[in-house]
Amino acid sequence: MSSAETEAAADFVAPGAARDWRGLRRALPLGLLLAVAFVIVPLAGTDYWFNAILIPFLIMALAGLGLNLLMGYAGQASLGTGAFMATGAYATYNLLLRLPDIPLPISLVLGGLIAGAVGVVVGLPSLRIKGFYLLASTLAAQFLLEWIFNQYGWFSNYSTSSSISAPKLAILGQDLSSPVGRYLMTLTAVVAIAAVAARLVKSQTGRAWSAVRDMDTAAAVIGVPVARSKLSAFFVGAAVCGVAGALWAFAYLGTVDARSFGLDRSFQVMFIIIVGGMGSIAGNFIGSAFIVLLPILLSQVSDRLFGGTVDAGQLANLQRIAFGALIIWFLIKEPAGLAALAERGWRRLRPSGTAGPERGSRPGNTGKIF
Amino acid sequence: MAAAPFLEVDDIEATYEDVILALRGVSLRVEEGAIVALLGANGAGKTTTLKAISNLLASERGALTRGSVIWKGRSTARLDPAELVARGIVQVLEGRRVFPQLTVEENLLTGGYLRRPSRAEVGNDLARIYTWFPRLKEKRRIRAGLTSGGEQQMIAIGRALMTRPTLVLLDEPSMGLAPIIVQEIFEIIRTLNEDEGVSFLLAEQNAALVLRYADHAYVLETGRLAAAGTAADLAAQGVEALYLGDAPGAAAATSSSAQQF
Amino acid sequence: DDAKQQYFPLATFRVGAYASSGIPVWAGTIDYLRYINEVEGGINGVKLFWDECETEWAVEKGVECYERVKGGKNGSPVPIFLPHGDPITKALTEKSVADKIPLVTIAHGRTEAIDGRVFPYSFPAVFTFWSEASSAINFIAERAGGKDKLKGLKIATVYHDSPYGKETQTPLALLAKTYGFEDIQIPVPHPGNDQSAQWARIRQLKPDWVFLRGWGVMTPVAIKTAAKVGFPVDRIIGGVWSGSEEDVRPAGKVGKGYLAITPFPAGADFEILKKIKEHIVDKGKSDLKDLKSFGSVYYNSGVNEAIIAVEAIRTAQKKFGARPINGEEGQWGLENLNLDDARLKEIGAYGLQQPLKLSVRDHEGGGAGKVLQWDGEAWAIVSDGWVKSDRELLLPLIYERAAAYAKEKRITPRPDPTSN
Amino acid sequence: MAFLIETLIGGLLSGVMYALVAIGFVLIYKASGVFNFAQGAMVLCAALTFVTLRDQGLAFWFAALVTLAIMVVLAIAVERVVLRPLMNQSQITLFMATLGLSFVIEGMSQLVMGASVHELDLGIVDTPVEVGPILVSQFDLVAAAAAGILVLALSVFFNVTRIGISLRAIADDPQAALSIGIRLQRLWRIVWGVAGFVALVAGLLWGSRQGVQFSLTFVVLKALPVLIIGGFTSIAGAIVGGLIVGAADALAEIYVGPLLGGSVSTWFVYVLAVAFLLIRPAGLFGERAIERV
Amino acid sequence: MSASSAGPILELRDVSLSFKGVKALNALSFAVARGEICALIGPNGAGKSSLLNIINGVYRADEGEVVFDGAPFRRIRPLEAARRGIGRTFQHNALFKRLSVIDNVLAGLTRHSRTTLVEHAFGLPRDLAESRALRARAEDIIEHLELTPHRGTVVSTLPYGVQKRVDLARALVGRPSLLLLDEPMAGMNQDEKRQMSRFVTEANAVLGATVVLIEHDIGVVMDLSHHVVVLDYGRKVGDGTPRQVRNDPDVIAAYLGTVH
């Protein structure tokens, strides 16, 4: 695990002595963040924070990452996220159930790979279809897979409610079923996968994805294997979503049925990447924070402010309105996502980074995938 | 030169996304019936100036933050682009922005709608465009997105002329056109100018060419006015020198206040 | 001084897709709690106080609410939690064991959680879906003139194609085998706003009865579509979640005659409702904005749930003293809850709530429903009192499933203290 | 055989109801390239407003007019607050904005008009008509007729060439449209207003079928395959797509479902739609994407 | 059929292409000799871009065949064309606009990459070695085309002229044996055109790429090319040295007019 991390850090540090320092300066905040997440938070966090906030936040960020690889980097719009997550969850469940000797991390990875394979099949139409048509066509997979898991009892080991539930979570005899344990397990998975993803998007594969996204005809002409790139994006994206799904089922809720991974979930994940920023790894975390935390914040704030004086139902409606309005507002403020906004703020704080007039985030060029 | 100002741009400053300062105090005038050239290197702010005049900045998250644009004695600040077209200013956007899904003829027709012309009028106008660009007549039923680069440029120009403007803002009209067409376009410009009194503000890279047709010229450099004068004068000075910014007579456009960063 | 009062958090759903049922449900609960506080001065003097937490009926929000409130408030613990929804219940099942907070899920939740040895903190009290199915069949038998008359009947179940909808397939198959009726299962996909194909099939198969296990908009559309194909509406029996005013009213005139089985009989004539009306509603203290819903199925279900919670706390107080009760004590209270007719009459819930006796082996306790018929304006009770289910027939199968669950989860069932 | 025909007719008639919702999408997509997810919320909003007004005792036509006025106000607000600031943004951003919009509209509707379920009675008798052995629903016939009229009217509206071409121009390139004097904002308002009207019609028909309640917003899910099959930009496509989806859905439910042991209609038409797409990547009548290098 | 280094690198034999019955190319034949710069000129819509599209597989010829490096084809996939060594720049900007200059150029090297997804994901040694090698090649070209100051900039934020240069770099980095350039100098001022001409000459002379160039600036064409082919309405109306073509009255009438 930690090796993957240093890999990621190493990736930030471009070769060349002059850049070493810059790389370090970029890696330092990240290292601090990880230290806090791995050491301080487990010591300081409460059950509520783990169970209700941090774990879902991390998992949704991971799902966002999966979709972002597919949609933000490779430009293949998909609403099949829920289905990929479900596949990962059900696959992992069956692996744990039927091959109990395989250690948990391996089952998770295998579950992800199975989801990736399903993703490839779902992605086949992308070789012919684009844009909203592709988006709408991924709904076929979304509904079909949801139905299959719900319909055929084998997938849920014939449980009465076709739901699956987590077996005991343990790695190397370490019990992970406490909130802290589940948090650490989730965090580890998320960090490891994010590190790999960060590598991947900077590699030849990632470049091929972006090339296909930005201009697929040109990509083909200069020698990028377009079909293979699209499918590999579906594979990786779905695999990451699959792991997120498995974590959702086992590390967060404990028990789920296929409806937990319905269309709403797909939309939610899409929100995350749009609000956070397409084509940005950090954006997934920002977006996830927005989507997962904002409603909680809104409800707590409004309870504090108006609790008891305003009718509870009306309050809830107002929150819904506020949530929708905030989404629109952020899209208007920064169509390239909060990650871009954050980056701009960051640069403004450190004027050394800003160099003259530049078309940095020229609209229409950013985030335009179709 | 003391005639009532036709188009007067006074000390404008324009930004994109509230932070990128693209114009810093540009002033220029177009007299009625004149052809004025706007020169400058890539990124100098030619396009931005034209968009500031036609009020198209808002659609690109840009804004005029200072100065004013006066069209026939009235400020254009509150007019939306369609209103400006109705009052005679039309812009041909840079980079052949045709409507790809519409046929060539439909593209041209869209230019006429604002005037609510009769069928006969439309027919006449179309015929006029087709005599200028016979190539378009052949392609009239093809979807514009499929036509060649030069054909698209012709469509964009033809479409703008369909609005029967009194002032045309042309952004890089010669780009990608065959020499003979470029020549024709400039001849058309001259004809329209002489016969119908249409004025032009032309942003061009090909300085030698445009100065041959223009009366007046302005040179922009990184958002500031670097030089101005009659076309003949500027041509004589050598435009190349102007681009480097060390030209004499650089306008006093130095009020580079309001740093937005 | 909150610590001297009883905390009772409410995970409401007043917006979103299920708001129309959530609003009256929570009004019923809150009105009853207010009644207890204001008229009875609390439970043995211990007043109740509560927070609301909006879930929109979504799992994550439900979990968040639960986590937010489970630690109690200002020193007052949580005695019982009402998750109100299948998915949320599932997500909380294991957490509740760890946290020792009993979940009461009336007319939803896992059926096998009846077995408190395996599911110590889950209480699918009063009426599980298996009981619902069995009671519906027994009502049909009642109409047909005896269980022996079931033989040869065709009974079609039109169900919401989801885990919830499928839950009754097993008991119905068993009942069909036992009584010799023909069991036809017809799924309707979510949300169920178009059922022409399903009802075309009904028209073709000509069943004697239709058991409608709908959800949300599926019910009115089913009733309307039934009318369209000419299937008699008084031969359709809705399940619990197809049996509220909200379910029938949108169907309009054609809904007249429609039947539904429910543990929450509608009506405002029950003693306790009269009292609530007098002391709460008429004084403008009701949580209901639309008073039309007073005495509706959903409102009464809210009252019903509150009664069980309050009575369980009261029972626990008998053992632990008149003070705020925590989850573990709440579990004891629930498992020793005994609402017989006498007690029901005392609290004015006779007829509204069925006699109920919970135990470690039996977290359901009741298992009977009343059948209502829609007269176009309101529900009327048409069954002979409570229609019981064949619990003896179903329980062995339920225990078997609970045992299988225990095995899969490697849970050692807790011993039943009453059985030795 | 009679059963088959009956199922088919039932399916086709339902298909028209789906088409009705799909048309709302097509209108807006045609005019701005925006895939308007808030269409479902608009259906709910229209129906809820209408029913609430009716419950207040307003006459049918009056209630309909007031509702329409409200939908127009909504259209103007949307243009001003959402579309204009987001002009020139990517379609997916706009799509997300309409998702945000749907939260706002749903929240507003329920805030003002409550969440309770209403019956909506349009006074259409729905005793089944028997044609030989085949049963046909009167209500569905009326709905189909309404949809038919609407489609005709809209086709005429869009074929008033000026508006039609202008709208397509806007969808292609809003800035270029502005630059030649197309009154973009006004047209957007008109189109969103018309979409509001379509939402009202769809809301009334769907509302009287299933009651006016939150789940009205879900009808969009059935409209999507209609759009895919017909093409996002074609009103005629919406009708044809609707018929195909309706018929396929009904037949699959009867003949495919039992084979697979469950209800297949959540996904069947979607899979069918993908099959269509593989043959025609922009639907039956959609405009093909243009890519030239 | 071995690639004879003596024969023409590219030969078109009676190539025709039509769209909905409209002939864009009409029985077109000509040859491009190995190592030359061949300019393709003609009025707008003459079919120049379409011709390039056929050569590298974006369009499929209706009739006739293309012989590249001794191997004839009627239809080739763009990917296959790239693999065989046909590089290309575009008339309308077709850069990967959200990528930086270096990434755009690196994307042009995809066909030289031999590593797999897994190696990329985990940064296995082979990937590290390869990306170092590819990066060096890319940096080389970037320096060569004087793009170093822009190497990390996102291309959509660059001036048009620089973007055109990036497009050239992306095509050149893969070391194509045939380089198709579609109006590489449109929208540039005189200075930039001169610079670009130099790069094209160097690509041809130093890197040894045969160049097919579409250009409307006749001065540039005269300076740069060894061989000019003139198209009009999909037909060949001229084929010869720049001088011959320039003085051809047909060409003057159809294309040049009097402004040069």
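Going by the order they are written in, the chains are A, B, C, D and E; count residues from 1 in each one.
Heads up, the rule we're going with is that contacts are C-beta pairs under 8 Å (C-beta built on N, C-alpha and C of every residue); 3 or more make two chains touch, one makes a residue touch a chain.
Quick caveat: nothing in here was measured; it's all calculated off a predicted structure.
Listed by label, the chains that touch chain C and also chain E are A, D.
Set against the Cα centre of chain D, the chain with the most distant centre is E. When the interfaces A-C and D-E are ranked by C-beta pairs in contact, the top one is A-C. Once the centre of each chain is set as its mean CA position, chain B and chain E turn out to be 31 Å apart.
Between chain B and chain D the centroid-to-centroid distance comes to 42 Å (mean Cα coordinates, whole Å). A separation of 37 Å divides the Cα centre of chain C from that of chain D. Annotation for chain B: residues 60-61, 146 touch two or more other chains.
Within chain E, residues 49, 58, 90-92, 94 each touch two or more of the remaining chains. Under the contact definition stated at the top, the residues of chain C that touch 2 or more other chains are 14-16, 19, 23, 161, 289.
Considering their complex, residues 19-20, 22, 41-46, 48-49, 91-92, 159-162, 183, 186-192, 216-218, 254-260 of chain E touch chain B. Those residues of chain B lying in contact with chain E across their complex are 41-43, 135, 139, 142, 146-151, 153-154, 172, 175-184, 205-209, 240, 243. By the touch rule above, chain D contacts chain A in their complex via residues 35, 81-82, 85-86, 88-93, 95-97, 99-104, 106-108, 110-111, 115, 221, 224-225, 227-228, 232, 260-262, 264, 266-267, 270-271, 273-274, 277-278, 281-283, 286, 289, 291, 293.
Touching chain E in their complex are the following residues of chain A: 4, 7, 10-11, 15, 196, 199-200, 203-208, 210-211, 213-215, 217-226, 232, 236, 279, 358-360, 362, 365-366. Residues 14-20, 22-23, 161, 187-191, 193-194, 196-198, 200-201, 203-204, 216-217, 220-221, 224, 227-230, 246, 249-254, 289-290, 293 of chain C touch chain D in their complex.
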